[in-house]
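Given below, in the form of C-alpha cells, are the structures.
One chain, subunit A, links the two complexes that follow: it is found with subunit B in the first and with subunit C in the second.
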Partner chain A sequence: MADTMTEAPPGDTDPAAIAARYHNRPEALIEILLDLQEAAGAITDADLRAIADSLNLTRAEVHGVMSFYHDLRRTPAAPAVVKICRGEACQSLGAERLVVATCEHLGVELGATSDRATVEAVYCLGNCALSPAAMVNGRLMGRATVDEIVTSVDRVSGP
Partner chain B sequence: MNQIRQADFGTPAARGEATVTVTIDGMAIDVPAGTSVMRAASLLDRPIPKLCATDSLQAFGSCRLCLVEIDGVKGTPASCTTPVTDGMVVRTETDRLRKLRRGVMELYISDHPLDCLTCSDNGDCELQDMAGAVGLREVRYGMEGANHFDAESREPVDASNPYFQFDPSKCIVCSRCVHACDEVQGTFALTVEGRGFGSKISAGTFADDFFASECVSCGACVAACPTATLQETAVVEKGVPSRVVETTCAYCGVGCSFQAELRGNDVVRMTPSKSGGANEGHSCVKGRFAFGYATHPDRVLKPMIRERTTDPWREVTWDEAIAHTARRLRELQDTHGRDAIGAVTSSRCTNEEVYVIQKMVRAAFGNNNVDTCARVCHSPTGYGLKTTFGTSAGTQDFKSVEKADVILVIGANPTDGHPVFASRMKRRLREGAKLIVVDPRRIDLVRTPHIEAAHHIPLTPGTNVAVMNAFAHVVVTEGLVDEAFVAERCEDESFARWRDFAALPENAPETLAEAIGVDAGTLRAAARLFARAGNAAIYYGLGVTEHSQGSTMVMAMANLAMATGNIGREGVGVNPLRGQNNVQGSCDMGSFPHELPGYRHVSDTNVRAAFDADWGVTVPDEPGLRIPNMLAESVSGRFRGLLIQGEDLAQSDPNTQHVTNALSQLDFLVVQDLFLNETAAYAHVFLPGTSFLEKDGTFTNAERRLNRVRPVMTEKTGLSEWETIARISDAMGYPMSYASAADIMDEVARLTPTFAGVSHARLDHEGSMQWPVTDAAPTGTPVMHVEGFVRGRGQFMVTRYVPTDERANRRFPLLLTTGRILSQYNVGAQTRRTENVRWHDEDVLEVHPHDAEVRGIRTGQRVSLTSRKGGTTLTAVVTDRVPQGVVYTTFHHPDSGANVVTTEYSDWATNCPEYKVTAVEITPANEPARWQEEWQTTRATRYDIRVPAE
Partner chain C sequence: MTTVWVPCDSAARSVGADEVAAALGQAMADTTIVRNSSRGLFWLEPLVEVEVGGERLGFGPVTADDIAGLVEARFWKGGDHPLALGPVAAIPYLARQDRRIFARAGLHDPLDLDAFVAGGGLAGLERALATDPAAIVEEVVTSGLRGRGGAGFPAGIKWKTVAEQDAPQKIIACNADEGDSGTFADRMVMEGDPFTLIAGMAIAGLAVGATTGYVYIRSEYPDAIATMRRAIAAMTGAGWLGDDIRGSGRAFDLIVRRGAGAYICGEETSMLESLEGKRGEVRAKPPIPAIAGLFGAPTVVNNVLTLAAVPDIMAGGGEAYAAAGSDTSRGTQPFQLAGNVKRGGLVEAPFGITLRELIEEFGGGTASGRPFRAAQIGGPLGGYADASLLDLPMTYEGLAAHDLMLGHGGIVVFDDTVDMAAMARFAFEFCAIESCGKCTPCRVGAVRGVEAMDKLIAGDQTQRAIIDDLCELMVDGSLCAMGGLTPNPVRSALRLFPDDFEKSRKVA
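Take a look at the complex of A and B:
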C-alpha cells in the first residue's frame, strides 16, 4: 500500500477523516488518537466508536489503548498542561514541594484542570540529572522552579 | 480430583511432526517440537502451578506462577512460554521455585477477598487451588493496604447479562477472559482498562456494561476465568455442580458437545467439552445458556385428546392416548385407503426416534408417506450433492476450515446461525484466509472487527445460479480449470457438456451482471480469487437451498468445486451449514418418502428386500407423499390423518393460511412436541415430547458426526418418543420390540452400509464418529471423496439460470428475504422461553433508506408487509445492511407472521419452499394485519386444558 498521506485539512476534527489519513491502519491507532486530540482537544465516546469502526476494531480495543495512556484525554485539558516529575531523583531534589507550590500558585489540584492550567504528575521525564524536572506544553525544564512554571503558564493562558 | 473440571494441559498441543525429548523432574518424555515445558510436564502428570495459562489459549506468560528451572538457562523462565528443546532438563519443584511462587501468590492474594467459604466458586476455583499448591500460609503485606475488595473500594457486580455476572473485586486481571474472547470467540469485546494497580477488565468503554457491550454471550470468558469473577448466575444461585453427563447440544447443526453439570437432577450449567470434535471446547449463547425451556412451565407433560379442535384439551393416560391414536389411524385407512395417513419426522429428534417413525410408516401404515422438516431446508443439498458426488452430505469436517485459503460463504450467516463454527472460520480468516460473501444482505462477516471480506456480492435474491454460472464462465474461459483433477476424477462427457455450457455468452459476468445486480468486474475478481486459491472451500446455508432453483444451485457449487479441484482433501469442499441439530441424521434415517435409510431409493429391489426380510413386511416400492403433497391432498380430501413429531408446520412452513387450512381439513392430527405449538391448534391428540436433556440416542451434525445424546434426567413425560411410536405401532398391529435406543441403532447399522460400524457402545468408547463407518473406514470418514467420488466419477450438471416466477412488479416492488439471529432459534419455541428474548424480543423488518424514504417509513414505525399471499405488520428498521429493493426479516416469533407472506413456490426437484424470495410491498400501518388479530383472539383458547378430576 502506498504510504503517502492523504492530506486532510489541518484542524479537521472528523475522526473518520483522520483515520483515513492513515489508510485506516489499526497499527496507526495511537497516531490517529493523538491527531484527533490535537485537533479537537479531547476524544469523546462517539469519536472512539467512529475510530473503532474506521479501523475495524472493537470499541473495547480502542478503549483499552486510550485508558492506558494518560495523555489521551476524554475531556479537554486547559491551554497550559503542566507535568511535574515525581520520580525518585526528582523527589530527592524537592519535587513534592514543587508540586504543592505549583498547585497553590495556579489554584488547581494535582490531576485537575482549571480554565488556565492542567497539572499532572509524571514519573520520569528522562531529565534526572537536572532534577526536579517539569514540562509545560511539551517544553522540558531542568532544575524547574515554581516561577518558571507559572511564567510559562502565563505566557500560554494569560496572567 | 474435581470431575467437573476438564483436563487442562496449560498450553495448546503443538502441531509439529518432529519429536524432541525432554527430562522433567528426572522423567523423560517425547513430545512434538514446539510443545511448552508446561504441557510436557502436564503430560508427565507433573502439573506446574499456573493461573493465566490454559490449553484453549496461546500462552501469554502474565501470571509468573509457572516458573521452572532449566539446566543451562539463567533465571527461572515461565514454563508456559518456553518451548522444550531436545535434551532439555527441567525441574518443577525446588526450594527457590517454591519461594518465588509463594511470593507471587502472596501478592495476588493481598488484593483478593478472603471470602472463600461464601464464594460461588468455592471448590471450583483455580486461585484457591493454586494457593494450596504453592503452600501459601500467610500474606506478609496484610490485607489493609489499597485494594479492590473492601467495602469502600470495590466496584459493583455487573449483573447486566442474564446468564453470568462480573465481579471485579475477585479479579486477578490475568486477562484469560480477554484472550478467550479474542482467540476462541473472535469477538474482541473485552479489554484491560487502565494500567498498573488500576487495571481492570472492561467490556467496552466506560459507557458499557456486559449487556450493552459487543459481547455475544458465548461463555468463553466465563469458562476461562480461574476465579469467581466471571461466573454463571446459575452457579451463584444453585452452587457448584456435583456431577457431569456428557451430551450434545440440541440447537443448530454444528452439534457441540457439552458437559451437562448437575446438582441432583437440576442442570446448573452446560459447559462445552474440549473433547467435542465439532466445537473443541467452544459454545454459543444458545447451547451454553438457553436450556431453561426444558423445564419451562409451558411444557405439556401429559398426553391429551379432544374430539374437535374447538374442544378444550382433556388429559388422558398414555395407554388411552396410544390406543386412541392407533384406532383412529387404522379407521381412516379402513375408510379412505392405506395411503390416507402419514407422518412427519423432526430434525430436532434423535436418529433413533426418527428411524422408528419411518419404520412405523413403512411397516405399520404400509405406505411411504413419511417426510421430514428437512423438506423445507436442506432437501436440495441431499439431491444436488447426491447427483454430482454420490452422497447426500457435506464433504468436510469443521476442522478442515483451518486449512482453507479462500472461503466462499453463500446464503449463510454463520456468526448468527452457526456461531461456534463461525468462530473457527473467523480464526482462519484472521490468519489470512480470504473471504468472499455472496448474500443480498451485508451480514456481519462482510465486515466485523479483524475480518473483512475480499468481495461481497450483494446479489438480487433469486440469482444464486446466475452468480455461480458467472464464476463458472470465468473459470472455463480464463484457463482456471484444474484439468488434472477433472481428468482423473470426473466424467469426461458431463464435464465437456458443462464446459461448453459455462463458456456460452449467456453465462458471462457481463451478461448476468444486470440480473444479479452486481458489476461484472466484482464477479470476475471473486471467481479468480476462488479458482486460484490453493484450497478453496464453499460454505452455504438456506440462502442457497430455499429457492426455486435450490437444487440447481447446489449442483452449480459442486460443479465449481470439481472444476477447480477443490474436493477430496482438507481445506476445500462443499459444506452445507445445517440448520438443525439432526437435519443430517433425520435425512440419513430414511425420512424422505422416496428413500429408505442411507439414501436408497424405495424402488431398489435389493434394498427393499433387505428391509422386507428384517422387518417381516413388504415395503411399498412407490414413493409416498411429500409435506406439500400431504397438505394439498388434505385440502382435496384424499389425505386424512397425520402424525407430526417436533415440527411446527403452521409457523415454519410457507404460506401459513394454506398450511392452516390444510391442517384444519384433516380428520385426525397427532402432534408430539414439548409445547402446544401453532400446529397443535389443529390437533386432536397431543403427545408430550421430551427435551434433549431427557433423550437417549444420537444426533448427526453437519459434518456427518454422530454424537451421543445422553439423558441427564428421566423423561418428564414418562415415555420417550421412540417408545411412544413403538407402542402406537404395536397397537396398530406391527410390534416393535426394542429394549433401548441402542437396540434401534444396532438395527440401523445392520440395515445401512454407511452406518455398519456404528453402535452406542462404540460411540461411548470413541466419543464420536463421522459416517461412513465401514470396514474400509472403521473409525469413520472426516473428509469424503478422498480417493475418488462415492458415485465413481464426479458428474457435472448443466445449471441453466431460470429466473423465479416470483418477481417484483408494480404492485409488489420489493423482494422479501429472511434469516435468523444469534439469540433466537428458528420458530423460537425454545429460545423464546429463555432469557434470550432480552436480546431479541421482536422480529423487525430491515428496509433500505431509499425504500423507506419514498414510503415515508422511519425506524421504529409499524409497517404493513403484504405479498400476493397475505399480509402482516412488523416494526421497521431503516438500514443500509440490505440493498435497495430488498427487505429482510427474521421468523422467530409466531405473531410476526413472516410465513403468512411467503408463497407456495418451491425448488423444482425437491419442493423445498422458496422462502428466500417473496415480492412484497410495505406501507406505514396503524393497526395489526387481520391475520394477526385472528391469531391474537385464538391464542387464548389454544391453552385451554381441562384437567380430569382425581
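Take a look at the complex of A and C:
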C-alpha cells in the first residue's frame, strides 16, 4: 500500500525528482522535505511550490508542515551545525553553562547562524548516561566540552 | 586470528569508540575487529572485549591512547592491565540484571543475521508463524505485557481490539520517537538489536492480521535510522520479511519513517499524523488508533520496548514472562540511569526494584560525588522524587501512589546543586516549545506557566495559587499527556522542594 523506499536517497536537489522517488505520495511529505534539505541545505519558496504541485497539496499545507517541525529550514544553516542538548539529564551536568559558553566562544546566539556555525538547542540526543551531550554535523559527543565543540567547528569551518 | 570487539553504539562512539577501533586496527595485524552493540554500561565505554578460554573479557573505558599499553600487555590473551575488568558477564552491574529484551546486548555485530539466528533470536517469530493468530494474541495477554512507552496500556488487549476489527488493511506502527530526556533504551534496541524489534513487529502483524508496519524514528537518532534500514533489508533478503515469510504464505513489510524534531510526535496520535505527512497535531480520542489509526486503518501503536519484548514472550511463553515482576507490573523493565550518576547505563530488572537500588547500588550515587537531591522519573513529564522516596518500588502502581509515573523508564539524577525552581520553570518552558498547539490549556497554559514561574522566582509568592490553578486546568483540560502531565514535575518540585521557590524572597 505504501512506498517501499528504504535506501538512503541520492543527493538530488530537484524537488520534483525527490517527490517522484516517493511516488508523489502526500504521506511522504516529511521524508521528501528532509531528503531535499539534506541535499540542498534548505527548502526555498520555489521548492515548496514544486513539492505542493507534485503531491497535489496546497502550499499552505506544505508550509504548515515546514513550520511545525524544528528540523526543517527555510534558510541554510552554517557549515557547522552545533546542537546542544538542554534536556533534564544534560542540565544535571551543566548543559545550560555549556550552551552559554559555546555561544560565547562561537559568537553566535542560541538559535542563530553565523558564517561559521549554527547553534541550536535540542531536547535529548539519547546519550543521557554520558551527559552533557552535543552534536556537530551529525557527530554525537558525550561528556561534551566547549573545547571539543569548538574544535569540531574549527575542523569544518576553519579556525 | 584474534577477535576484538569494539561497540558501534552511538553513545560509545560519542566517547571515542571509532578512534579506539582505528587505533586497534593499526596496532594489531591479523586481528578481526567486530563492532558489536553496547552492553549499556556507559561509564565503561568504549568497552573493548576479547575472548579468552571461551569467556569474554572486558577492558574499559579505553581511549585510543591506551591501545599501545594494552597491546604491550597482550590484552587479547587476558594480560593484566589497569583497565582490565575481568569477565564482562561477571561485572556486578550486568550480572545482577535480568536481561530479556537486552539479552543480546553487546554480544555481536547488530547486523550479523547469522549470529542472531544462531543465538535463537528468531525462535519467537518461528513459533508465531506456526501459531494461530488468536493464540498469539492470547500469549501476549497472558504475559501481562504493558506498553513501555509511558501509558502502560496492556499490549494484549490493544492487539485483541485490532485483531477483532473487520478491515481490509491493518497496520503495526512502532513508536521510536524516544524523546524523553533520560531515556536511550529504544535507541539501544534499534542500534544494537534491530532484528529483535523487527521480529516483534512481524509477530504483531501475524497476530492481528496486519501486513504493513511503520517504524517512526526521531531524526536525532541518525545511527538508529541507518541500522534499522539495513536490518530491514537484511531480513527481507533472508525471507523473514516480505510477501511470503519463509514460505508460510503470510506477508509483512516494514517501512522506516523519520521524524523531524518534534517531541510531541511521541504522542501516539501525533505520530500517526506525522506518519501521514502532516503537522504532528494530536487527534481527539475516540476513535482510538486500534479502531481508526494510521490512514484510518486499525493500528497497533506500540513503543519499541513493547514490541522488542514480544519475541521473548513468544519463544518462552507468556506465563514464563509474567512470572517476573509484581502486581500488575509483569516482566522486566529496562530502566535507564542518566544525568548526574556515577554509573549511568541500562538496567533491565523485574518491576519492584527500588529507586535506591537503582541509583545507589547500580548507579553508585552521583557522578559529582555530591549528595543526591532529586531524581526525575519517567521523562520531562514525570515527577521529581527526593531522598524520602528512594525506597519506593518501581512498579506502575507503587509510583502512582506517590503521584509519580514510570513513563519510559528513565531516571535522571540530580545532586544538591540543582535549583528545583529552575527545573520547574523548565518543565513549562519545554511544554511551550514542544506543544503541538492544538489545545489551549497546553499551548497557552505552558506560556503562562513560564511567566508565573518567573514572577514566583522573583519573589512574588501570590503566584503559587495561580500556578496551582493553572496546573489543575492543564491536567483537566489538555487533549493529551503533554499538557496534562507537564504539571507533574512542577507540582512535585513545589511540594518536595518549597525552599527553592522562596530563595529570592529571603534575599529580598
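By our rule, the second predicted complex is superposed on the first by the 147 of 159 C-alpha atoms of A that agree within 3 Å, B and C clash if a C-alpha of one lies under 4 Å from a C-alpha of the other, contacts with A are read in each partner's own complex, and residues count from 1 in each chain.
Definition applied: a residue touches a chain if its C-beta (ideal position, glycine included) is under 8 Å from a C-beta of that chain, and two chains touch if they have at least 3 such contacts.
Computed from a prediction, not measured in an experiment: that's the story for all the values here.
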Using the superposition on subunit A, tell me whether subunit B and subunit C clash or fit. clash
Answer with first, second, both or neither: which of subunit B and subunit C does A:87 touch in the superposed model? second
So, does A:63 touch the first partner subunit B, the second partner subunit C, both, or neither? first
Between subunit B (first) and subunit C (second), which does A:48 come into contact with in this model arrangement: first, second, both, or neither? first
Which partner does A:138 reach: the first (subunit B), the second (subunit C), both, or neither? second
Just to be sure I read the superposition right, which of the two partners does A:128 touch: subunit B = first, subunit C = second, or both, or neither? second
Please work out whether A:98 is in contact with subunit B alone, subunit C alone, both, or neither, and reply first, second, both or neither. neither
Between subunit C and subunit B, which one touches more residues of subunit A when both complexes sit on the common chain A? C
Have a look at where A:31 lands relative to subunit B and subunit C in the superposition and call it first, second, both or neither. second
Subunit A residues where the subunit B and subunit C footprints coincide 61, 64, 68
Quick check: in the complex, which residue numbers of subunit A touch subunit B? 45, 48, 52, 56-61, 63-64, 67-68, 74
Enumerate the contact residues on subunit C facing subunit A in the complex. 10-11, 13-15, 42-43, 45, 169, 178-184, 186-187, 212, 214, 219-223, 226, 229, 232-233, 253, 255-263, 274-281, 295, 336-341, 344-346, 367-368, 376, 380, 410, 412-415, 418, 423, 426, 430, 433-434, 436
The residues of subunit B that touch subunit A in their complex are 187-195, 202-208, 213-214, 447-452
Can you name the residues of subunit A that touch subunit C in the complex? 1-8, 25-31, 33-34, 55, 61, 64-65, 68-72, 85, 87-93, 122-131, 133, 135, 138, 140-143
